[in-house]
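Pasting the structures here.
Note that chain A is present in both complexes that follow, paired respectively with chain B and with chain C.
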Partner chain A sequence: MIVLISTATRRYAIRRDDLTSMQVVATDQDLASLSTAERPAIPIDLGALLDPADRSAPGRKHGLVVPLRRRPIVFLVERVEQSIEQATIRPLPTLISGCLRDIWAIGVLDFDDQLIILLDLRAVARSSMAQRPVATR
Partner chain B sequence: MRQFVRSSRFLGLAADLQGSETDRARLLVRLALAFAGAVTIGAILFAILSLIGIMPSSLVATTIPIILIVVIIAGATAMAVRMGSNELATSVFLYGTLVFVAALNYMAGGITGPAIIGYSFPIVAAGMFGRSGDVVRLFILGIIFYLIAAIGEASGLIVPLNITDGTIRLISFAIFLVASTGLIGYLALIWSSSTARFVAQREAQAEELFRTNQRLMEKNIQQVELGSDLAQSASELLSSSHEQAGGATQQASAVSEVSTTIEELGSTARQIALAAEQVAEASQRTLENLSEGQDAVDRSIQAMDRIRSRMQDVSARVLNLGERSQQIGEIIDLINDLSDETHLLALNAAIEAAGAGEHGRRFAVVAAEVKSLANRALAAAKEVKGVIAEIQKATNSAVLAAEEGGKEVERGVELAHSAGEVMNEIVMVAERTAQSGSEISLATAQQQSASEQVVETMREIADVARRTAAGARQVQDSAQRLTAIANRLHGLSATDSGQRR
Partner chain C sequence: MTSADGVHAHERPSLNGTNSTTSIHGTNALDVLLIRVEHELYAIPSSSVREVARYRTITPVPGAPRSLPGIISQRGTILAVVDLRLTLDLGLADVTRASRLVIVSHQEIDMALLVDAVLDLASIPGDQIELVPAALDPARARFLSGIVQIDGEPMALLDLGELINSLREWS
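After this line comes the complex of A and B, so read on.
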């Protein structure tokens, strides 16, 4: 199942299976509810991560929880729009995917005459976790 | 002229000084008394000589009538002088003396007696006191008396008394000679002293006449100088009268111009008075209008106060509305959050329903409906939020506008107050203007009256100037005549001075 999400200026598609939950993150308590004592959740602005210019204003967000082995990653987006059960996913061309260092985009979704990049959110979470400093981890 | 008359009178007095009646009378009385004294002394001497026996005793009786006659002659002379008839006194004395001498010759021995020498006395006295014909008449009369006596004695008709000879005759002759010569000497003394006094008086008169003549010449010179000064003064007076006449004419012309100007000024004053009255009326109307305007300003101030109060009320209400809108916005946010959360829950439910397969299909339909409702609510909330934002924006604008309006109202109130103060000042100025207009009207009326008086006065001055000009012309004529008189006087004095030289 594909879920369409929107950041401050862009629109992406993700796989539902990559997530454990989707919930509203408006306060620190909301974020704390996604953490445990041993595994505090790490909030990441997905729009700004993918494009520094796509930075959203602070406030009420939708959190996409990706469970990693050590800690859960919460990607914050503006809104989770809808879910699509049957969608045609076109994989990236080999030439493009071969040039990518991290394979975050796995295909393109054609929806309402609009091409939307399908993200591998779990890969994004792993890469983000790997790039974070050890202390932070 | 007075000096001339005075000099003529002096010359007349000087000419009649020795022949003065008073003087002559006084001398005549003195001479008569001397004559009487001498005769009386001689008679007494004869009487004494007769008593002592030197002379005949018959002479004693003769002396008495002689003394009586002499006393009578002297008394009559003095009485005539006292009566003021000097001519009578002179005649009494001269002819009485001649008659006495004739009688004395008869009583003293006849024509050959010692008294014959007495005939000389009245003739000599007539030369001094008598008139021009008395000497001749006395001389002739004496000759006649002598001839009568001589003829009488020669014929024996007249026999003289007291004929003596020898020593007695000599003594008698000596006494008569002494008496006669004494009287003649006294007469000569009187004559000489009178002549000397007369000469002295004449000299004094001549000296006085000389001084008078000198003063007259000095006066004449001064007169000549005065004539010159008079001519110069007359010339200056003529020039001055020329200038005065010209000045008077110019003055009359200037006064006429000034009078015309003053009349124009009076006309202008009338116009000013009319304009001042109009100004006063306009000021009064302005004052009335200003009073109404002041009331209007007061009402506008009150209205502005009410508007300010309303504006504050509106501002408070709008502010309250903004707060309510804010509350609505918060509610809408809550609705929005709820819708968003519902949307996400419905999405999760739909995903779960899809995961449940055929069993979750109905639940998926419900979740889809819920999701749709949530989206609709979200859209509605978004629209409401937009509307609320617009309301809040409008409310903020209204609040700002109300605050601006309040400030404008405050400024309007201040301006209204300023306008009221300005109106008060304008009212004061208008009152002063009205008062000044009235004062100007009064002053211009007074000025008009004064101008008329000035015009009248200037007319009088012009009349006076014309009369002055006429008088100056008369003075000019008089100066010309005075110049002619001075020239004539100067010429007359010069001629007189030349003749004196």
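After this line comes the complex of A and C, so read on.
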């Protein structure tokens, strides 16, 4: 299943199987509820991570929880738009897929006359964790 | 080749719709599409040009280099967009009403070249194509296969093969 999400200025598609849960994150308590004593969740603004100009204002968000071995990553987005049971995913042009710094974009969905990039959210989470200082992983 | 509405390009009488013509001097001629990038004039072999389209929103791809600002769908085909300004190291600029996407196909690679304007079509006699000046910055010269004079203006012939090679070097 494919899930469409929106950040401050963009839309992306993700695979539902990459997540353990999706839920509203409006308060610190909401975020704390996704953590355990041994494995506190790490919140990341997904839009700003993918494009520094795509930065959302503080406030109520939707959290996309990706379980990593050490800690869960909670990607914060403006909202989860909809789920698509059967979606046709097309490959990115080889000219661009061969040039990507990180393999985060794995396909494209032509939906509502708009091209929407399909993300490998687990790969994004792994990269995000690897880039953090060791003490905070 | 089709063109977007409002594009001021037009075929000159010497063009007969084929990729290569023979000039009155008997030498092979090269048909080209003339474009502007920044204040510089470039020529793209018409044999590689499929279409000229108006600028429209480009979908960015996370992690792509700046010279590849994203993708578009052109008649159902998803194409990488190549920003010629950035590729030629001419600096970033806003798109304008004159900005165009030149759809080209070369070495089985289809792509959309983002240019500042499409100017015209022309036919260049083969014996009027000069070598790229040795003094030109090598980083720029690698993308050029020759220099031609059209109506007294120097224009650089773009080497699409080298453009593709440079993008592949990222991988």
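The rule is short, and it goes like this: the second predicted complex is superposed on the first by the 137 of 137 C-alpha atoms of A that agree within 3 Å, B and C clash if a C-alpha of one lies under 4 Å from a C-alpha of the other, contacts with A are read in each partner's own complex, and residues count from 1 in each chain.
Basically, contacts are C-beta pairs under 8 Å (C-beta built on N, C-alpha and C of every residue); 3 or more make two chains touch, one makes a residue touch a chain.
Because the structure is a prediction, the values reported are computed rather than measured.
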Determine, for the superposed arrangement built on chain A, whether chain B and chain C clash or fit.
-> fit
After superposition on the shared chain, which partner residues are touched by A:L118: those of chain B (first), chain C (second), both, or neither?
-> neither
Specify the partner with more touching residues on chain A, choosing between chain B and chain C.
-> C
Of the partners chain B and chain C, which touch A:I96 in the superposed model: first, second, both, neither?
-> second
Using the superposed model, measure off the angle between the directions from the CA centre of chain A to chain B and to chain C, in steps of 10°.
-> 80
After superposition on the shared chain, which partner residues are touched by A:V77: those of chain B (first), chain C (second), both, or neither?
-> neither
Classify the contacts of A:A41 with the two partner chains as first (chain B alone), second (chain C alone), both, or neither.
-> neither
Applying the touch criterion given at the start, work out whether A:V65 contacts chain B, chain C, both or neither, answering first, second, both or neither.
-> neither
Closest Cα approach between chain B and chain C after superposing, in Å?
-> 26
As the complex stands, chain C meets chain A at residues 59-65, 68, 70-73, 78-80, 82, 109-111, 164, 167-168, 170-171
Any idea which chain B residues touch chain A in the complex?
-> 337, 340-341, 343-344, 347-348, 350-351, 354-355, 371
Taking the complex as given, what residues does chain A use to touch chain C?
-> 10, 50-51, 90, 92-96, 98-105, 108, 110, 114-117, 119
Using the touch rule from the top, collect the residues of chain A that touch chain B in their complex.
-> 1, 3, 16, 21-24, 26, 60, 62, 79-80, 82-83, 85
